[in-house]
Structures are given as structure tokens and as C-alpha cells.
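Take a look at the following structure, please.
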Amino acid sequence: MTIHRRQFMQAAGAAGALATVPTTVLAADAAKPAGTPKQEANMTTFVLIHGAWHYGALWEDVAKPLRKAGHTVHTPTLAGNGPGDGIDRTVGHSDAVKSAVDYVVENDLKDFVLLGHSYGGTIISRMAEELPDRIRRLIYWNAFVLNDGESIEAVSPPHYKQLMDAIAASGAYGPGAVKLPFPVWREAFMNDADLALAQKTYELTTPHPLRTLTDRVALKSFHELKTPRSYINCTEDIAMPPGDFAWHPRFTARLGLCRLVQMPGGHEACFTNPELLAAKIVEAGRD
Amino acid sequence: MTIHRRQFMQAAGAAGALATVPTTVLAADAAKPAGTPKQEANMTTFVLIHGAWHYGALWEDVAKPLRKAGHTVHTPTLAGNGPGDGIDRTVGHSDAVKSAVDYVVENDLKDFVLLGHSYGGTIISRMAEELPDRIRRLIYWNAFVLNDGESIEAVSPPHYKQLMDAIAASGAYGPGAVKLPFPVWREAFMNDADLALAQKTYELTTPHPLRTLTDRVALKSFHELKTPRSYINCTEDIAMPPGDFAWHPRFTARLGLCRLVQMPGGHEACFTNPELLAAKIVEAGRD
Amino acid sequence: MTIHRRQFMQAAGAAGALATVPTTVLAADAAKPAGTPKQEANMTTFVLIHGAWHYGALWEDVAKPLRKAGHTVHTPTLAGNGPGDGIDRTVGHSDAVKSAVDYVVENDLKDFVLLGHSYGGTIISRMAEELPDRIRRLIYWNAFVLNDGESIEAVSPPHYKQLMDAIAASGAYGPGAVKLPFPVWREAFMNDADLALAQKTYELTTPHPLRTLTDRVALKSFHELKTPRSYINCTEDIAMPPGDFAWHPRFTARLGLCRLVQMPGGHEACFTNPELLAAKIVEAGRD
């Protein structure tokens, strides 16, 4: 709530603390629309950061309609993710963040809309700290919004920790790697899919580096940033279980002034309804 | 909860306290459909009470489809609202109520469905106390439902008070007047709009008398009234932030037996989806 | 929460307690899709258990599209329900359960999807205990999920008890029988209907045996069962009032790993939107 108020006042008010700003400045600033559109013909550059068990190429069905509409779409794969035996799944959260930051710097991306899905939400919060001047807007799509020092594990229901630790200990997916049991994927992640699609996508997804879910993430400046932000909530997403652990309003409330966009669907709408998701990304990402 | 139970039992039961009514009367009453339709050919008279920063003419896109369907629509402007430098924005809540009551009496409106949007909810609760026999049904559309002695300020998150006080103190909008900073309007009120519509409607709306938001409202008989009531909730409305402060179920729960109607959209669906809102008003307002 | 974790781990893991299973078995099991479809051409046998005031024939508009799509649909009437003066409305919860179990055994139904609506949810939990090997999946449609020793009365808001006791005491519907007052039916159950449909269905529904709502239900093994389960939530269902008493997430959370399916509509979508409900039943019931 403290965070909420602070960020709200910043977005609503002026450059500094509201109370210390001359009231004429405040009023002038308050009355002025936020920023002027810098994009030509509403074309946007999107950088989409995947969730756990995913990798860049799995955004394809979402990226296609965005590109067809004229937008530019980048879908980097985070360190520790992706198919193949050669991937080091023992990496931690800071390695994943570094891989995403490096991608942006190497491609010299600027003025882009940065979206994080699920685990990816923890990555974009850190990217916003590292690259504040390059990001036009943040979009969290059923994503974790961490406070300073939290891990994904710490904000997830205890049965996930128990399950992940057991899977990791089994060694079934190699050192440091975990994957959801199929019944959990089918019921809690792909609840809006038929069995065939649940099976196909289960095979497409890959083992995930457990440490990225258990590392505590330092977020020293994120909650002071004034970067505009949106949250896309799929209304049937039960990857975080209904009730106290639900994505929304738990994580939306942590973002302060934040544009809420909702759509029907489960946690993997990128597979079950990619066209609608693409439309909602545009809605969430516009100025 | 006490209020809920009381009103529920009244609507469900008979004219007096359920326990004191002869059981045969109760059963007979219970089995009988509520009232007989008095409206010819389902034509309804609607009185639409606007929210803060709004005024009567801004209902036009909602009123049009209602009138086209044969209904009669009144859209009075409350005291202290509306465009122009000549408006006294130092008025209080009782002035606004009086202006609405006067409108109904002067036009001799009877048997009408009375809708309040947002701030307008606090007006229609008082109108229901003043004009109980003229009102067929109350509709709260993402509206405040106050308890006796509460103000809008008291049931809103603290950052709104801080913001409004600062804006009022700035004097930017004249004595007693406040207006939302654009970023709050764009993100939290017009989250389902594009930037152009957010800007256009920001310019259409006008300064609002702050006292109507801070005055404590006496509601001595409202929660005893048996007037049927509905609540329209726009599912993406984040003008009250998600969580404990959300419109629904917080305010719906205060109305006892109440018909819930939902639609997609943000707080300003009168601008972003007026046709669907009109359809939902009919659904909420029918017997 | 304890229940949630336990059932989640069972569904996610293996036959026994996760901690005691050899990790290689766990991993192998975890990676394998759940079961293989046994149904030819996706044809399913559905057994639909009605709610209070309902009886089997009132499923007709839902059963029709299911049958048209090739499914088999059974709609037994529970003991104590149905039209006619000859029905004994003094029966209790165990009588209703027995009547449903007998129906399944007499018709030798196997490998079926078992759905319970509202009160029917308490019946199917007990049926799952009695007939675990015959049930392919459970679907709760805005239904009560009881814990061991609870009654429907105990998990409903107090005003319902007060109301039901008064109606029963009136004797208006014969020994042991209750029926909702029309205003409650119209506003809280048929909120998505017009008045004519609310009236017509009010006349179709019949008195209900009160004891089935007040009997405490023993559920000794239900929460240990591994039967897959889904929950269909109609998003405008206010038969349980919004807030702490709402169907969802209160009862979904009691089911552990559970597929959530949502649709617009009130508590009686079988009357107000039977085609969509049928489609959602298929979605909830598939493997």
C-alpha cells in the first residue's frame, strides 16, 4: 500500500515529491497529457520476455499477428532456458537478467514496450532498473511483481516449492532443472485447452533452471521508477491458485498506478488464444 | 452484513419484520411475483445521475440508444458541475442532492429508474430517502454506496485524498474545484480507451466541487428502504484500485438483495462502450 | 489449504506420498500425460445432478445440445425433489445420496463425468466416495464443496438459514419443504433473465426438502480421492452473495488441483443460457 501510494503520486504528480512542488507547477503538469507519441503511425517495438519452461520461439503465434500489424517484435531466450542438452540449467536469476539486458544493448533497442510473462515479470522489473531510459512502458502478463529481496518461491503457494524441490532432487531433467508434472500443466496451466494441445505444448516446453525461481531478487530502485506500466490478467489463469495467491489483484496492487487489461483464458493464452493475446498486448502497450 | 441481512429479509419477506408476520401471509407473499409491470410495452423512464467531473450532456452516447429503443431519459446536471466559469464549485453534497431532487419534482417524474454513476451513487441514495414513492428501482453503476455519516473521501484510498487536497490547494481550477491529473484519468479511468479518446474526454470533463467528495452524508433511512436495486460492475474498472478498495464486492455487499449485472470495461464505459452500457442499463433496470 | 496441498501433490505426483516415492518413479510419472482417452470419438457419458428446487427434467435445455453432439446424458431426480404432492419432502441428505447412487448402479453406468449443480455438489462428493471407480471426472457447477461434517446451511450466509427456517415453519409447502421467495429468485438467482423467464422458471421449480440443506454431511475419504475435478463458475452468480461467501474462490480452493472454467451468467444458466452451459460442460468434462 505504501508502494502503491508512492508510485501513484509520482505518476499523477510531478518530478519530485508532490508536497514540495510549487502548486502552479503541479497543476500545469497535472493538466498535461503524459508524453507525446514518439512512434510513427502507432508502430511499436515490443520485447517479449517468456516465462518458466518457455523460450523465445514459443512466442511465434503471438508475434506473428503483431508483426503483421506492422510492429517490431523481439523474443529473446533467457539464460538457462530453451531446448537442447547443451543449456546450463544451473544458472541463477541474475544470469537470466544479464542475458536479457545484453540482448537489448547488443541490438541497441530503444523506446520499446517490454512485456514479461509469469517468471518473466521478475526479469523485466530488473531490466527496468538497468535500462530505465530505453523502456517506454512495462507490461506484466499474469506475471510476478516482486518486492525487494523476494523470490518467486516466496510468493508462491508452499506446495509448488515442495513439488519443485522433489522434481529437482529426482534429477530427471538434469542438474538444477525442473519441469511441471503433466497433470498440473494440463489442469492449472492449460485449463482452457483440449488434451491434444495440452500434450503438444507440454512437449514443446523445456526444463527450467530452478535457481531462477528460488533466488532472492534485489529490486532497489524499481518501485521508485516512473515508467508507465500495464497488467494483463487472463481471467481463468489458475497457475497461481484462486484466492490469496491469485495473480490479480495481488500483483496489480504492487504496481501503483497501472493500466489493467483483462481477457478470458488461462496461463498459457500464448498457446490457447494467441490472436486475442496479441490484441490485448497492443491495448496494454499503447500510450 | 447486518445491513445485508436486514434488507435481504425485507425484500424476501413481507411488509414488516419477518418474525412477526403470520406465516400464512409470509408464504403467500413469498410465492407471489414482485409487483406487476406498470410500464406499457416495457418502456421505462430513466434518470441518469452523472459522476464527478461529468455533467448531464456527457450521457448523450448512452441516452441515444435508450431513446431509440423507446425509453425516456433524463440527464440532469448536479449543482457544482458542468462547463463554464460561472459555476459555483464551492457547493457541498446537500446542494447537489437538492438540485437533483428539485429536477425530479419540477418535472414531476414518477415511477422512474434512477441510476447513479460513481459519485452519483451517493446522490441517488439520498434521493431515494427524499423521493421513495417515485422511484421504481435504483441502479448503481460502479458507484459509491455510503453508510450513514460516511464521505466518498472516507471510503477511498488515502492517496486520492492526498492528491485532491494538493490539487485544490493549488487553486488551478478555481475555488473549491478539483480535476484529476491526466495520467490518472488515462490509466485508471480510461484504461480501455486509446490515447486520443482519453485526451478528448479529459478535455470534455470539467472541474468538480471537492466538498461533495469530503462532506459526510447522512443516510438515516436509506438502508431500511425496500426499493429494488441493481449494481452494474464494469470488470476492468480500476478507478477504485483492485483489492480491498474495489467497487465490487465492497459496495454491492452493502445493498442487501441486489441484482448484479456485469460488463467488460473501465470506469468510463459511457465513453468507451456506450451502446453496451445502455443495454446493461436496460438489463439492470427491468422489473 | 492443507487439503489443497495434499490433493495437489497427489494429482501432480504419484500413487503415494510424494516424499516416499523413489525419485525416478516420480519423475517418470510426472512426465507422462495423465491417462489415455478411453472414449471413442470423444463421446462422453454425463450424469447431471440438479440443485435445490430442481429435478431431472429441468436439465432438458442443457441435455439437448449435449445429446445432439453425440454424448449420453443422464439426469436423475434426487429423493425429495420433483413435482407432485406425492413426494416425501422430509428426506435427508443421505436419502438423496442413496437415490443417486442407486440410479448409477441400476443403470450400471461406468466411466462417466459426474456434474453437480449447487446443492448437487454435496451429492457428487458423496457419490465419489461411494463409486470412486466409476467416475471419470467430477464437475462442480457453482456448487457447494463441503468439508467433512459440514452442512450447506453452515457454509451459507446466516440470512438464508433465518429465511428457510421461517418458510419451513409456515408450512406453506408441506412438511419439511421450503421454496425461495420470488424476489430472491428473481434478483439473486435469475439476475440475468427478464421477468417473464424468472416467473416461468419459478413456477417450474418445486419445493425442496430442507433437511438436505441442514444435515451435516460426513465426507471421510472425499478429500483424499484422486478423481480429476473441474469447477464451472458463472461470473454473475450471486446466489451466494459477493465477498466472503462467494462460490469462487471459496469452493474452488477446497478442491486442490482443479480445472477452472468460467462463463458469464447467474446461478440458473441452465435456464438463461443452456447452450453455452452445455459447451462449458464439455470443456470442463474433457480429459
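The letters A, B and C name the chains in turn, as written, and every chain counts its residues from 1.
By definition in this document, a residue touches a chain if its C-beta (ideal position, glycine included) is under 8 Å from a C-beta of that chain, and two chains touch if they have at least 3 such contacts.
Model, not experiment: these values are computed from the prediction.
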item: Chain contact graph, described as a line, ring, star, complete graph or other shape; value: complete
item: Fraction-based call for chain C against chain B, same above half, different below; value: different
item: Relative orientation of copies chain A and chain C, as a Cα rotation angle in degrees, nearest 5; value: 120
item: Computed distance of Cα centres, chain C from chain B, in Å; value: 36
item: Residues within chain A bordering two or more other chains; value: none
item: Residues of chain A touching chain C in the complex; value: 157-159, 162-163, 166-167, 169-173, 179-184, 186-188, 191-192, 194-195, 198-199, 202, 235-236, 238, 241-243, 246, 264
item: Chain A residues within the chain B interface of the complex; value: 1, 4-5, 8-9, 11-13, 18-19, 23-24, 26-34, 37, 228, 248-250, 252-253, 257-262, 283, 286-287
